[in-house]
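Here come two complexes built around chain A, the first alongside chain B, the second alongside chain C.
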Partner chain A sequence: MEFKKYTLDNGLTIIGEINPAAKSSAVGFFVKTGSRDETKEISGVSHFLEHMIFKGTEKLSTIQVNEAFDKTGAQFNAFTSEEITVFYAAILPEYLLDITSLWIELMNPALRDDDFDIEKNVIKEEIAMYKDQPDFVVTETCRNLYFGKHPCGNSVLGSVKSIENLSAGQMRAYFSERYAPNNRMLAVAGNFEWDKICQLAVQSCSAWQKKETSRDTSDYPGAKKKKFLKKSRLARQHICLMTKAVPAQDNSRFAAHLLCSIIGDSTGSRFFWEIVDKALAEIATMHFGAMDGTGIFQTYIQCSPENSSKVMDVVNNIFTDVSEKGITEDELVKAKNKTLSALVIKNELPMGRLIDLGLNWTYLNQYRTISDDIDSIKAVTKDEILNLVKRLSLQDFTIVYLGPG
Partner chain B sequence: MEFKKYTLDNGLTIIGEINPAAKSSAVGFFVKTGSRDETKEISGVSHFLEHMIFKGTEKLSTIQVNEAFDKTGAQFNAFTSEEITVFYAAILPEYLLDITSLWIELMNPALRDDDFDIEKNVIKEEIAMYKDQPDFVVTETCRNLYFGKHPCGNSVLGSVKSIENLSAGQMRAYFSERYAPNNRMLAVAGNFEWDKICQLAVQSCSAWQKKETSRDTSDYPGAKKKKFLKKSRLARQHICLMTKAVPAQDNSRFAAHLLCSIIGDSTGSRFFWEIVDKALAEIATMHFGAMDGTGIFQTYIQCSPENSSKVMDVVNNIFTDVSEKGITEDELVKAKNKTLSALVIKNELPMGRLIDLGLNWTYLNQYRTISDDIDSIKAVTKDEILNLVKRLSLQDFTIVYLGPG
Partner chain C sequence: MTGHFDKHILKNGMVLLGEPMESVESAAFDFALPAGSSRLPDGFCGAANIIADWIFRGAGDKNNRQLGDALDGLGLHRSSSVGSAHLSLSGVLENTNLYEAICLFADIILKPALDNEHFELAKELAISDLLALDDDPQQKVMLKLRELFYPYPLGRSTAGNLDELKNLTAEKTRHLIRENFNLSETIFSVAGKYNLEKLTSQLEKLFSTGTAKKTQPIEIRPQEHKYTHIHNDGAQVHIGLMTPTVTASDENYYNARVAVSVLSGGMSARLFTEVREKRGLCYAIAARYHGLRESAGIVCYAGTTPDKAQQTIDCILEEFERLKEQISEEEIQRAKAGLKSSLILQSESSSSRAIGIGSDYYLLGRVRSLDEIKQNIEACTVDSVLGFLRKKPFRNFTIVTIGPKEIIVQK
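Our next item is the complex of A and B:
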């Protein structure tokens, strides 16, 4: 494995980790933008823009974009979160330059008015579809309630209203600022020739114009709010809890991840044995959401409305117990093994590696080998987790209930 | 990459492909049994038995099984199809022997009456859940109608009735025949020491008793039937088409796969451009189902009830056109690139490799390297595909419609 890095004059960074033993390659653009960088007026524009990237450029029609992907045989996709938009492809090494050229071309979308109008309906349908998913609704509502006016509570999809009111001109203005070369990064992993990638990027991206971009990365102190949402047609109760965790840049992030595995992994965790295995709920999980400058612990529960308060008693007891006594050595060993095995297996494939490579660079401005992460996970102690739990306050959560009553 | 093979006196075969460059290992048991090996009386027993494997052995309770998996950090699961039951795990190399021991232990399940009774409810809930999924219902109905009395039409899940009537004794009898060592195989891929795996298997599996097992692998001539299923609560029309293809053992299987990619891949195919892109249907895909001694082409369409006949006109036109004129060189090149890239990326990870390794051995009794498969795909010509289409008759399909009317 060899790490390479080059930055163009306009601020576009290219990073690559070469693995000559790999049979495939992966390439992607990481754009440091998402719903937290939106104002209320343009809520949902980042995600909408992600769709529009595939609608073509001055040179390529939508059909030609489809055909160009098809020719290479790439497995490709994109996603938008609260703080990042990623375009990625896994591919045979012989087509890597073709697909990289294609991504570079697409990074200057035409954003045509007629494509914009058609895609608007697709986005509205996507919003409607998600509104039907109670786990999504309860999580989004909880996030919004928890973060209040902090931009990390912004909705990724936006609302039907904000999308309806959005103009192509507003999207173009957003694009021109947020997709500036100094705010995006080209990353490559797997089997490839660094010089050729660099040459291609220099040739094709040097004309991109640098822009001032910034983001509010202030930490958020946390909130303790409560909300009930009644939906009579639902059979189950959906519960989301959110509480303060550490930012993506914090060295305790590995401890935070292990803590969630111990409390709320889908198998073998405290939630599993005390809630799911006892048939109090079908689902009870806890995740660590590491963000730029802040972070959350997020718990999601699905159970019968009758079990709702019993489940919450157990959750509160688990939070209190962990906060007072910490975790056991046995729990820590299991959580480390699960986390290490998932990490190694994910990073074994260039596509999985690309994501970690890109996210580490985006959040930390740092290259970390897989071994660096393995070592950090192995080094976490029971005391470190206890200190973390004492520093944060698991019991002071914001909670949203969504169910029949 | 080095291939190894060893067969115990009782017929248990152990195969392994060693990749010293891999960071992880994968191990699994491939049991040559599924719904096609069931009689009507025990319909669903293979899938139910797959669940029961995780319920413990004479030595291990259900909880201890869970804890044993947890300790290793393995990513594990199992699946049952019409003709195979597979138990697999991806893991860090240092835990490979532990997880292999665990699988070996689980391969002799206790099949306790009380566990059986509890799990029966889980299976019935799973059946109920699938009954809510129109794509599943239409496909299962079509498969059943197409195959008639041929066992490949048997339902994997069984019915609520067959599961209700099933006894633990019947399951034990089925287990003792179908899980005989000569009907299952232990496969390992990735980074591991062959001698240690072999030694473990010899020590722990030699006492397993060989049994007579057989399977009806007669080819099926195909059928041309039609059925309408009315479900007023559905908004969309779900359509499934099934027609004869080649068996898993046939050398034309690569051509059959490429044909499906050209006609019915989810992007860039004829279905995509002529049906999905034209907004006649949301989904229109075609798959090749390669089976032991037989095979099917399966098309699935989801559209508005009004578009149903228009979509079927287009489908028929595409089938006729391909049958008369074959495909273009451009289509073949694209399909090959997509297929090769998916193949290489899947096989790059020990877990993905394990599945192909195991299935090739199960169906072909043959070790095939990734390069063998790449070469076979590259060698397919336009003429070979045209011959295949002429030999099979795409237009003579069995069809099931499921929708509001």
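Our next item is the complex of A and C:
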């Protein structure tokens, strides 16, 4: 695999990792913007804008955009989080230049008023869809409670009210600031010719105007609050806990990831043996959410309302035990094996590789090979994990219960 | 993908299928055991979920914890899934650990501990998962739809039936395992990096002791197509609909696949364009082919707020009906490009291939090569797809909705 990088005068960076053995290629734009970069008045604009990017440009109508993607058989989509918006496509190598060219074109959307009005309905439907997913509701509520006024607590979707009040003009202003070339990046992985991609980007993106962008990347310790939400139609209790973890830029991020695997992987973890295996809850998992300048450990539990307090006793005991005694060597070895095999399998596909490549560049401004990540995971020690839990205090969590009451 | 497949039939009748992949370091495998939801006798709906959990709670000389630790120690990512025909036990891992994983799975299939205490826990989890479906209307609507659409018992709920789950005992379930873990009807598939010779002799040795017998085909009873509404006070009406079409062995199979791709293959396809892009009725709207060996359908899902539900279903049905009237050359070309490209993209994943070759073998009795599929897709034309649709139009829908409002279905 060979890594390539080029930066235009306007700050747009193009990166690529070439794997001539791959049968496909993947290409994407990574824009460093999300709900944490929004004010209350424009809540949900990043995600809404992600939808509007597909609605066409001065040259292309919505229908033409969809047809242009589909005639190549591309598997394409986009996602928006609290801090990043990613547009991506997996594609056969012969269509890569066409699709890259299409993405570049779409990066200057028309943002037409009539498209904006129709898409507003789609966004409101998406908000309604997630309302019917209690795991999503409890997680979003917990994030909001944990972060309080810190922007990382902002809702990605926004509310029906904020979406209704949003104007196309506000979206255009947000676009021109946050989608500046120095705040986005073009990444390519798999089987492709670097020179051709680079040439295309130089020709088509050099006129984009650089702009000053900034973001509040202050760390946040979390609110340590508790909330009960009652919804009588629910059958199960949905519980979300959040505690402070390390930022995406922190060298302890690999230790944090392994810690989550040891405590809350879906198989073989402490949660698994103490909670799921004993049928106290059907789901009990813990994830590490590495963010720009901050980070969270996020636990999600789904159980019967009657088991709720018993499950929380077990969770508290596990957190206390890990905080006091750390983890065992055996647990660490198993977590490393699982994490390493997942990493290798994911990166066998150019699409999987593209995401890691792009996120590493976005957060670290750094190219990391798969071997770099493998070495970092292998190097984590028991003591490093113990130091991490001592530093972070797992027991001081924010918690939200959502259930029939 | 080299275009080469391995096939070997073990002495006990179990089929080994393999697809070597040069550019990967992983190996993925799948044991498809004939213990899916339709293969179990009446009164045992959901038992396969208990079995899928129970057999992992200790096997061979290992107790529950030792077995879990051994599987994790190999870096194995495993999953169990219950389908209509099979209970699938699959895994993916770094290729050098494959043989050790197969040893553990042989114990899980042939020598599970199956003690009473763990039965109760597995049963409780299966019941919990079933109850939790009420909090997941999107999944629930699809399960209910398949249950009502397919001839009984092919679409029987893979999540189970509450009363039947509660009535299950360890003894009855042990009997089911003995009866249904029939090796002569089991398909083992592997894809990625593996050594065929080593694997074949290992499987011959490990599986020489299991049950192998001829079983009776299941009796199938057609059902009446109808509309069912399940009330809940959620934010959306979740709409599922299904219409019969040809199975994978039918000469018109590829015409059916291209037709559904014209309807819902990509963002330029008709359903997305008409329902979402032009009218803004839904966020989630999609249709796809869903096939069993004996029966198949086109399944469609849409989620929408109550005041738009009627317009959404009317619009979807109109698009299904309109399809046979006219399709443009460009639409056919896009549909074919989408199908071919997804085929090639999937061919890079060892997990997709292990499941894919096993499923081909079950549905068709052989594995199709990438070239064969490509040629068949390529051979579809506007005329062939329209000809097929006019002969077998997408009609006679089974419809299920879950949500705060019912819809009116025209006869």
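By our rule, the second predicted complex is superposed on the first by the 405 of 405 C-alpha atoms of A that agree within 3 Å, B and C clash if a C-alpha of one lies under 4 Å from a C-alpha of the other, contacts with A are read in each partner's own complex, and residues count from 1 in each chain.
Note that a contact is a pair of C-beta atoms (placed from the backbone, for glycine too) under 8 Å apart; a residue touches a chain by one contact, two chains touch by 3 or more.
Because the structure is predicted, anything quoted here is derived from the model rather than measured.
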{"item": "When chain B and chain C are modelled together on chain A, clash or fit", "value": "clash"}
{"item": "Contacts of A:Arg233 with chain B and chain C, given as first, second, both or neither", "value": "second"}
{"item": "Which of chain B and chain C A:Lys334 touches, first, second, both or neither", "value": "both"}
{"item": "More chain A residues in contact - chain B or chain C", "value": "C"}
{"item": "Which of chain B and chain C A:Asp70 touches, first, second, both or neither", "value": "both"}
{"item": "Which superposed partner A:Ala22 touches (first chain B, second chain C, both, neither)", "value": "both"}
{"item": "First (chain B), second (chain C), both or neither touched by A:Gln133", "value": "second"}
{"item": "Touched partner set for A:Lys120, first chain B, second chain C, both or neither", "value": "second"}
{"item": "Chain B versus chain C as contact partner of A:Ala279, first or second or both or neither", "value": "second"}
{"item": "Chain B/chain C common contact set on chain A", "value": "21-24, 63, 66-67, 69-75, 90-92, 267-268, 277, 333-334, 337-338, 340-342, 344-345, 348-351"}
{"item": "Residues of chain C defined as touching chain A within the complex", "value": "1, 22-26, 57, 64-65, 68-69, 71-78, 92-94, 120-122, 124-125, 128-129, 131-132, 134-138, 232-236, 238, 265-269, 272-273, 276-284, 303-305, 308, 330, 333-334, 337-342, 344-345, 347-351"}
{"item": "Residues of chain A that touch chain C when the two form their complex", "value": "21-24, 54, 62-63, 65-67, 69-75, 90-92, 118-126, 128-129, 131-134, 233-236, 238, 267-268, 272-273, 276-279, 281-282, 302-304, 330, 333-334, 337-338, 340-342, 344-345, 348-351"}
{"item": "Parts of chain B lying in touch with chain A, wherever the complex brings them together", "value": "21-24, 63, 66-67, 69-75, 90-92, 95, 267-268, 277, 333-334, 336-342, 344-345, 347-351, 370"}
